[in-house]
Amino acid sequence: MVSSEMVKPLLASNGGDSASRGPLSCGDTIGILGSGDFSRSLATRLLSSGFKVVVGSRNPKRSAGLFPADAEVTGQTEAARRADLIFVAIFRDHYSTLKGLAEVLARKILVDVSNNTEINVSRESNAEYLATIFPQCTVVKAFNVVSAWALQSGPADGNKQVLICSDSVDARNRVASLARSMGFIPMDMGALCSAREVENVPLHLLPLWKVPCGGAGLLFLFFYLYNFVRVVLHPYLTEGKNQFYKMPVELMNITLPCVAYVLLSLVYLPGVLAAAYQLRNGTKYRRFPDWLDRWMIHRKQIGLVSFFCAALHALYSLCLPMRRSARYQLLNDAFKQVKQNVTSSWVEEEVWRMEIYVSLGIIALGILSLLAVSSLPSVGNALNWREFNFIQSQLGLSALVISTLHTLTFGWRRAFDPNRYKFYLPPTFTLTLVLPIIIILTRCALLLPCLRTKLTRIRRGWEKKTYGKFSDLSDTSTECSSNV
Amino acid sequence: MVSSEMVKPLLASNGGDSASRGPLSCGDTIGILGSGDFSRSLATRLLSSGFKVVVGSRNPKRSAGLFPADAEVTGQTEAARRADLIFVAIFRDHYSTLKGLAEVLARKILVDVSNNTEINVSRESNAEYLATIFPQCTVVKAFNVVSAWALQSGPADGNKQVLICSDSVDARNRVASLARSMGFIPMDMGALCSAREVENVPLHLLPLWKVPCGGAGLLFLFFYLYNFVRVVLHPYLTEGKNQFYKMPVELMNITLPCVAYVLLSLVYLPGVLAAAYQLRNGTKYRRFPDWLDRWMIHRKQIGLVSFFCAALHALYSLCLPMRRSARYQLLNDAFKQVKQNVTSSWVEEEVWRMEIYVSLGIIALGILSLLAVSSLPSVGNALNWREFNFIQSQLGLSALVISTLHTLTFGWRRAFDPNRYKFYLPPTFTLTLVLPIIIILTRCALLLPCLRTKLTRIRRGWEKKTYGKFSDLSDTSTECSSNV
Amino acid sequence: MVSSEMVKPLLASNGGDSASRGPLSCGDTIGILGSGDFSRSLATRLLSSGFKVVVGSRNPKRSAGLFPADAEVTGQTEAARRADLIFVAIFRDHYSTLKGLAEVLARKILVDVSNNTEINVSRESNAEYLATIFPQCTVVKAFNVVSAWALQSGPADGNKQVLICSDSVDARNRVASLARSMGFIPMDMGALCSAREVENVPLHLLPLWKVPCGGAGLLFLFFYLYNFVRVVLHPYLTEGKNQFYKMPVELMNITLPCVAYVLLSLVYLPGVLAAAYQLRNGTKYRRFPDWLDRWMIHRKQIGLVSFFCAALHALYSLCLPMRRSARYQLLNDAFKQVKQNVTSSWVEEEVWRMEIYVSLGIIALGILSLLAVSSLPSVGNALNWREFNFIQSQLGLSALVISTLHTLTFGWRRAFDPNRYKFYLPPTFTLTLVLPIIIILTRCALLLPCLRTKLTRIRRGWEKKTYGKFSDLSDTSTECSSNV
């Protein structure tokens, strides 16, 4: 970067509009209006990035003690006069109190960092409102997605993206280069009319998790009720047996794996649907239906919720022998065995069934935990595409297959035992098997040479119709959006 | 960046002091004195960032084989002559051996990358000592916080911050831009007198973890002894029963949840205290007492230690039925039941108590594990402030509430059973309930409209006293420091 | 950065070769040939980084709908004409179809972003092939290691490194600065002949994991068979007992800890060997043998596989009492106890043995889980070298010691019980103890003052021979490569 002394004179003669001045350099003075926590953290970070900082406060004396020693704390007018780029770190309600500074601020860049407490609380965004108050200033919306905490804790921590929008391209670039110097990564969001969108970003609450969590909740409710009817209500109504004590642990333990298993199959269903869609259309250049696109975007979250349910299921299972009820039943069974004088109660088939499904369950959980770890941003970032695909697609499918075997050995021959059909309701595990088995069969079908070759060609750009003698590159991405 | 050929001549005429020359560009030559591991890693990284590298070694022939082929390995004088910016990658003890290079090095930038093995081992920092040896050079302290490993493994890995200090602002900026080109994020630490502080940074040993781990250790000791007296010593002294075998597993299993539970409440106590403090003072512009500030900074670590103890408690619990002792007791109980001819030993109340507290315990652990995952830097960075607050504050508090229910159902009516007061000591769980219940009640009180409105206004800058007709922005940060 | 308008005229007169023009600035126009997924993601990211984008498509009308509104989609010739730097996002097979653009593209920079589907599929790299088609262009290989997904999801996510190679240093620097503006970290890979290597990078499949996973697999096979012979085959052949039901769970449960324990000792063995090697040679300037170097690089992966096996072992152990077989055995034992009229089957020694080894096992797993968490990139990055060393070396060794105690208490006196030598095979645990005990003893020996002093001096650069009156800095790195 060329030192500012040389460049500025050249540019100042260029019209005098501050927005078109040269880039910011270390050593330049940055102004901040306001003395709250955000202002303090901003000052600290600017100083440690090598800038000079002037803070404009209503009450400089009182505020000075709150700021780092290197920051100059002065009155608002003085601070506005001293810098060309000024952060406005004041609540929207108090923007109007700055009107007196209009003349001093004219032709300078004002950076609006404010956030709202609710989405779309006002008609116009805070930044646009600021722009109407100071028509002679260039207003830039930026840094609102960064928390005071992230500013203060330095570049090693905190969210690194800074969304920037402004009607002036030059002002945008200046603030972008400032953000870069501070260790953030600027994202250009276009004109100031995007400010509302930018202001809503920090108010989003885990948007990608809502549908997966909601869906998991509904599935949980359905399976819990279904199991309640079969396991608790049926023996109570038909035999008068009180098994309500099973509600807190045993019902949870047979409901959670159903949810986990169905969710896991929902992770791999869209890939199968996408392949079918591409095969039918004979091209990859037709957009997937919106619902399919949205589904594919949520796969990671669905998979993680599935893993969470599977892990809870494991915990519940492991708790089973610890419970008083298990102890009492065992003692009573021992008593019965002695009274009936049965030397051995060993049932070889039951033993094998359980040994196998327990072992398969552990292996499936082990694989799912690898998938979950590779979903952590810092782990996923260290993988190249092929590795990511191997883990998410190959390992994930094998987790699905092993879970299916786990379910099948758990079920054993019960699906064909009429006594298991309480109130004509089939055993729960039979319900959950439908989707995964469809997916596994379709996946096997896609391994057939005829289909596989066609799909590969389609994904490399080949098209069924006449147009397209040659095709564009889409290398990793097709796979990424359809295989994983 | 303007190519260096154009800029340098302009600047060279500017006085000739290298520290004020233009910024470094790809293709510039960087010197390194020393041929150890750090030197090798530094050379590798500089080369891959597009710079030319000259290494000055005492024994160029032997050293050449250790360096990448693109690095030029030559004598020390030659290397010093060829570059304007020279890394000194030599132990402090050997700085004096470089004295012969003083003339060649004059007016160049020396970057001191050395570390000490102990905190404050010498009177002056290594960098300041280097500056006294070469008064004609500009010494910059930098890159010491980066390990040879982080240098070598490329920018995707390793600590990314580089702390820089020097008495010359220009030299600081040059090294900062060099660090940036190499994929690091420079942090300006001011004048060279900060070098001591910078040299101590890599010697810190988990400073934020000392108090939480120490506190957890003390809590563990206290509760272990308390439980030992109640569970082992009391039956031994009063009934002569030998229950010392309970020390490795059962005592651990009842001690760990106490530690976890008290620590979890210590995470949420400072938030309550901060709110009370702000309400009493009627302003947020008064600093919290130092101990409260320090406590708030440690909350994440306290929470993670709490989760670790809770997870160990879960493992210990799950191991209970696996043990020989549990097996022998069961067999003996079965024997007793048969001898006493009791058909059923079922106790409905005991069954319900345990089913409920086991289920609540699993749910609490599940929520705590979500909190722990969101504490991972890469996960936390991907959250905006509202999401972080939701997870840490809402989910965290619900974990505290569910843990409290877990403890209460575990305790059931034992708090009121005189037989449980061994040596007049109340059951352990009653001790742990004090803090969490205070916190939960205070939290509920803060939901009352009168208090909530006042607190919200205070956090938006309102003040009780006369000064302050309007107030500064503190958006996310107030919440961040007081709610979470 | 100086705004492009000023710099370009200066440079254009410099020869006109686009590769030597000034750096790219926000607002510059970037061309993209191709309209696949990668092209779309690239356009999105370039736009959000503040550049203008012109996409050249065979069928602009159809493609336009697939691109963001701000991207201009036009014909290939037009796009090639409008930009100086053009991404070629087309499959290698179709490069030849671009021949018609040769004249328009002359003297421009072509960025080849293509990947292959197999390693070394063609004789020359895609980028070199492109260079032969367009001899008048400057071809740069870059961005192929970045997936379309990483491009689209913004700088907070995805792999951040971009490997760049080209025969023109200027073109390399221009693409490097472009990558930096987009939030990536450029890595200079030298001349275009490195393109093959760069193109192979995204095809690697977890290279560091192959040996550790393969080794773990072999160890698993060996120990599983060994245990099968001892636990299942021996009672079947000698006593006719059918214990094949133990294969899915019990054999897994005694095999996994053997694998985990041996792998854990393999993590700490190379450190001991390296110390011995340095002591014998009396210098640290002699390279370790290649196998030792490679072993040391794989330690993190070996440790994580070890932790995975240990965690599975814990799960299997916890499942033991849940199984039908455990239940049946317990019932039959109760029956037997009643028939034999044994009031108490309590064996104090067995109780103590199991309580202790269970507790030690849990503690060892807890420590290993801390090591595993600190291996996550984002956690490890936040640690300084001393902290990393403390966790990996001190905590890791204590995990090894506690695992050894766990194994010893598990084994108890069985190593000396002739009945335990089935087919003359010693109990499995005795096999696994060999390596760890050697390591622990050697480690203790290295704590002896005479050896420790010598080793410390060697690691600070001291040498046995005559040469080397003073020595170079290698601070953190030596320790890093030999202690950890």
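Each chain gets a letter, A, B and C, in the order it is written, and its residues are counted from 1.
Assume a contact is a pair of C-beta atoms (placed from the backbone, for glycine too) under 8 Å apart; a residue touches a chain by one contact, two chains touch by 3 or more.
What you are looking at is a predicted structure, and each value in this text was computed from that prediction instead of being measured.
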Between chain A and its twin chain B, rotation from the CA superposition, multiple of 5 degrees: 120
Classification of the chain A:chain C interface as same or different, half of numbers criterion: different
Chain A and chain C, separation of their C-alpha mean positions in angstrom: 23
Shared interface positions of chain C, touching two or more other chains: 1-2, 156-157, 159-160, 318, 321, 330, 334, 338, 376-379, 381-382
Residues of chain A defined as touching chain B within the complex: 1-3, 6, 25-27, 34-39, 41, 47-50, 57-59, 62, 66, 70, 88-91, 93-94, 97, 113-115, 144-145, 147-149, 154-160, 183, 201-206, 245-249, 252, 308, 311-312, 315-316, 318-319, 321-328, 330-332, 334-335, 338-339, 376-379, 381-382
Partner chain A, residues of chain B touching it in the complex: 1-2, 7, 10, 22-23, 156-157, 159-161, 169-170, 172-173, 176-177, 185-190, 285, 287, 314, 317-318, 320-321, 330, 333-334, 337-338, 342-348, 350-356, 358-359, 362-363, 365-366, 369-370, 376-388, 390, 460-461, 467-478, 480-481
